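The structure under discussion is supplied below as structure tokens; questions concerning it will follow.
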């Protein structure tokens, strides 16, 4: 059986009069959409529009909860009590479920956003609080998390199915973490380079760090972006290369997860 | 069969470090709780605490969506597009459903808050937009609305079951609307006076306006308040009088609704 | 002495990760900038950047206070108590003054935004509350208001200097109000048409309504926009035509105001 | 010359329908008020009311800027870029200045709130960013900061006058930091105990840590609280004891500061 891979992207990040991102181009590439839920980005009207388009594209639907910090776009770390964090995640998932009813589709995964994702990948308390929030709302939801991070253990302890995520346009450090965007070259803008890396990541389970070191890392879901001018071309090239290499590209609910 | 009546109250209106209301006293009286959903009041942590206590008291759960205006406590009219309003209502219902999963209980009714309720009671477009938002999320939800207002017609057109609401501590005008709080005497603070009025309202379907005029008005659900020093005593007296008069006091899902 | 005219535009309407408008192009045309103050748009960082650029361009600085409604971009009417409204305006002016200190320049005018402007142009209570907020902070501030509206009387009663505003890219109705944007043709996109209209407005004090009716209307300040693809070209054409017609184009503090 | 001491308290922390704190009791004790500026607490109407009462009591006025986190009451650490932080502080000071114009009084000091204060006391970058924001708005403002912390150095480098703060109702650790509230006994609720400690702190410049260790620490301003049931009595006792011991109790602008 050839390897299976999911492709996801963050979407629905407009707010009121403000627009951002490149949702239409991304919807034509991905299998799964992570929809902002009104805390770090998104509003009920933006969410409703995204949900309808996700259905039309046959894209599976995920909540993308973030910190309650529109000014910081959810990218600023906020030191919250785990219980507050947990209920905040449950609230946002529920809100998207309410909106998803317009399209008659179900929310099937949850991926935390920005600083919430980063904090969870380093701090098992945060990762577990997110997991408990997910499980409380619907224990069949898939927790999308950073491959190789403490989030995996948290998801296992909480008892959730999870998908290990990798990135098509980012370099990695020796410890398996993403290179900080502040470092020159951290974002891969050449579609060919990205495509080659992604094939090795998905088909062989190997990520090559900046140093050249090979890191063993299972990736179930590949995150592509829409915010760099080159991002959509990079994402398309990654997908094409994976299909050419024989991978089955699937929505998250159809993925064989550990 | 003796008349049935439901008693509801607005709750969960704290936010962060701020507390308000008298939820514990009200939970001991009411059959149904209208829970603020984080827009005009309430936050995920407050909502979670309220949901757990509602379950413990056997109180049925309703969403109490309001305008996105914490500063105005949802009491300021905001001129929204009907579609934005509709999705805003659906969002808030979904958010409470997400939190209600912690208690394993269902959201069974929706009552708009403050200025949203007032605008809907005068403007069928608003009333219908709220109704569509409710129906999209769950068509079995009961729409709690002002008895005798255009909200009744809106609920019928949208195709929702609804409960007609009356108030235990407020006087009425000849047209069936509530007397403005700005007018002296608009709030009834004498438990005995309130109890007598409520019995006539529920048992006979008659409200006596300030002028003395009798208004025919069916009431399925009686709203009691917690925000006046006398409110809880007034609410308790209303309930006791209804039971003494032979009314069956029921949660909303058990009410025989038109 | 040839007629004097000011040209203003709304700016600084980005927020966090979100950008909007066309500030750089507008700064090269206008004499005066109306800066969003963080309620309907703008944040402290965006404000600081705008203030520095306004100074560099020699553009006079005004506060552009709006409703506390980022989701609605200040375009939704909110029914506030006049006192709350007044202090809300004073707060926003003060906030911009704080930021303006970075450039060592003074805030010299105030123009309300969006729905706040529209409500004030119809409701003298709102117009006066805004005026009192302005006067409390600095009685030398110029109140920019809709020419011919009740705002003029409010500014006079409060005792503020004011500038009567006209629009370069909008048609007018017979009563002197702007044609609703919902009506086809309400926005003028042809630079030549706009330029001719603006010259008549400023040099002759005459606005031609859609019906052809001539309306006598004094205009001290011309508002140009940045949000339509054609808006900057229309604004530039209006300015060029005014200069060609002999008008003196001045910052607000240098304008001879009634 | 007998030692001089200032007594300050945080105030104006209501928001919309929500009330909190004990401002009236505190205004009768303190010389200086730290007024919440609408980000972590407070709104323009609450601020206006507080400013008028501060004037009436002859209490000097300070801005109490905090993180933009009403839900967390400014008590959650947020990881902001120093520039964003700096402009956020300048914005809040300006906003209070705008409101202070109603009373015709000046803002004369700035004390950061909650998590912003705590972060600044540990992180000189934060402390300096706050200082730059203060200085940009008005270089004569007094920076109220934790005695003995890195904030002192930051204030010196930025070039601001500062007042070293101590607390009347909190125990200290050997390193001069406050004992965490999570530790039993961290809040002093006995007025006599507090009064004795405060006299030693102000008259002798000595704080006794929990361990018994004597810490040399200059205190120019004593912070009293209103949020514990015993806090006002503790604050009054502290003030009475200081006066009895011969201290001159002064508003911040009259204090001899280093």
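Should a chain be cited, it is by its letter among A, B, C and D, assigned in written order, with residues numbered from 1 in that chain.
What we mean here is this: contacts are C-beta pairs under 8 Å (C-beta built on N, C-alpha and C of every residue); 3 or more make two chains touch, one makes a residue touch a chain.
This is a predicted model, so every value here is computed, not measured.
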{"item": "For chain C, the least number of touch steps when starting out from chain A", "value": "1"}
{"item": "Copy-to-copy rotation for chain B and chain C - C-alpha atoms, rounded to a multiple of 5°", "value": "180"}
{"item": "Distance from the mean Cα position of chain D to that of chain A, given in whole angstrom", "value": "43"}
{"item": "Whole-Å separation of chain centres (CA-atom averages), chain C against chain D", "value": "39"}
{"item": "Interface hub residues of chain A, defined as touching at least two other chains", "value": "71-72"}
{"item": "Chain D partner contacts - residues on chain B that touch it in the complex", "value": "15-18, 20, 41, 43, 70-73, 75"}
{"item": "Complex contacts: residues of chain B adjacent to chain C", "value": "68-69, 71-72, 76-80, 115"}
{"item": "Chain C residues within the chain D interface of the complex", "value": "38, 44-45, 47-48, 83-84, 87-88, 90-99, 101-102, 136-138"}
